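There are two complexes below, and they share subunit A, which is joined by subunit B in the first and by subunit C in the second.
Let's look at the complex of A and B:
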């Protein structure tokens, strides 16, 4: 039964990673109007234990997206410079929504596999019950 | 068929030599303890729900396995007891 329980823990690591990704997307969307905010992304990488890959996934460090911050003209803003411009955030709602949908789909795939593994193991045990 | 070895494994951990059934039962107890710990942690807050679900699913799988094996063992025992001597 080790295969089944290994599959379950690998799948739950996938779900945990997608949850983490969604957490950063939420942060990005919440800070869309924060002046000077840079979009955060996380990378996924293989989980390594004792120098060997376990097959599970984990999330890497948070990265800030480089690139020009947009200049917003608003002389009334407290952070505006002499010309009346201040820096906005480089979050784009459309990108975040697409990213969130991708995380959701991936989560669903992991969940479906979880169900599948559970069903397979109970089918195997049903043989013993007869 | 060595029924006594299996029932000894199910009964307790006091078997004198290494018994595969004993080890299996010890692993089973470990898995249940894990599930229980995760459940407690989830109730008191601060636990990862994914870990909880995984531990519970694994615990259910382990319990189902042990119950199925036990049913088979008891059935075999009763079959022998019913035998005409």
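Let's look at the complex of A and C:
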């Protein structure tokens, strides 16, 4: 039975991490037109407890993507400088959509395995019921 | 009469093996996007590798007999020759789901054998 509860907690850590990733993607997409916004990314890493990998996954701190922000020419913009340029955001919709798809796919895989493990453990309990 | 408990021990060993294989696959699926993670799996079930301890092979004081010890847990090993993602991850979700279904079926099979042995045992005790 210990294997089942381990599996379930590992899978729920996977779902939590993918959900968090999806949340940051949503923030990025919402801020696509925010001047000076830098794209947020999170890192996945193995969860370590007492110096041993548990198989679970955790998310690292939020990182802002480095690199030059695009200059947008719009003299009418309130944040435009003397030459009529202001900084845009470095969010690319195509990248975000692809990332969101991947996160969703991984989330579904975790959910599917979760259901399978739950079914296995309830079958085991059915034997006890008899 | 002694065959039935042996059969049940074998079935429970097979079920335990399937459960620990499922745990390994669960870790693979959870880490499907972790950079540098290598997919793992356990060896196929064999009745002689300590999962189904035969009575004659019981060793007094063997740590595997104590409850809670996972000495009988299958050893997971890295899967080799898998194409890796650019970030070094070798988990292929389709392949892992397939392996998961395989493990679930093995578990089903083992539990079915266990349940029918239990029925046989109960029938022989007259409790049908």
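In the analysis below, the second predicted complex is superposed on the first by the 126 of 130 C-alpha atoms of A that agree within 3 Å, B and C clash if a C-alpha of one lies under 4 Å from a C-alpha of the other, contacts with A are read in each partner's own complex, and residues count from 1 in each chain.
The working rule: contacts are C-beta pairs under 8 Å (C-beta built on N, C-alpha and C of every residue); 3 or more make two chains touch, one makes a residue touch a chain.
Predicted model only: the values in this text are computed from it and were never measured.
Check the contacts made with subunit A and report whether subunit B or subunit C touches more of its residues.
In the superposed model, C touches more residues of subunit A.
Should A:119 be classified as contacting the first partner (subunit B), the second (subunit C), both, or neither?
second
Just subunit B (first), just subunit C (second), both, or neither: which does A:129 touch?
Only subunit B; A:129 stays clear of subunit C.
Is A:6 touching the first partner subunit B, the second partner subunit C, both, or neither of them?
Only subunit C is touched by A:6; subunit B is not.
Check whether A:26 is in contact with subunit B, with subunit C, with both or with neither, and answer first, second, both or neither.
In the superposition, A:26 contacts neither subunit B nor subunit C.
Touching A:93, do we find subunit B (first), subunit C (second), both, or neither?
Touch status of A:93: no partner.
Thinking of the overlay built on chain A, is A:106 touched by subunit B (first), by subunit C (second), by both, or by neither?
second
Where on subunit A do the contacts from subunit B and from subunit C line up?
Common interface on subunit A, subunit B vs subunit C: 4, 8, 11, 13.
Tell me, which parts of subunit C touch subunit A in their complex?
The contact residues of subunit C facing subunit A are 15-16, 18-20, 22-27, 29-35, 37, 68, 70, 73, 93, 96-97, 100-101, 104, 107-108, 111, 114-115, 118.
Under the touch definition given earlier, write down the residues of subunit A that touch subunit C in their complex.
2-4, 6-8, 10-11, 13-14, 17-18, 21, 43-46, 55-57, 102-103, 105-106, 109-110, 112-113, 116-117, 119-120, 123-124, 127, 130
Subunit B touches which residues of subunit A in the complex?
Spelled out, the residues of subunit A in touch with subunit B are 1, 4-5, 8-9, 11-13, 15-16, 19, 114, 118, 121-122, 125, 128-129.
Quick check on the complex: what are the subunit B residues that touch subunit A?
Residue list for subunit B touching subunit A: 48, 50-51, 53-54, 57-58, 61-62, 64-65, 68-69, 71-72.
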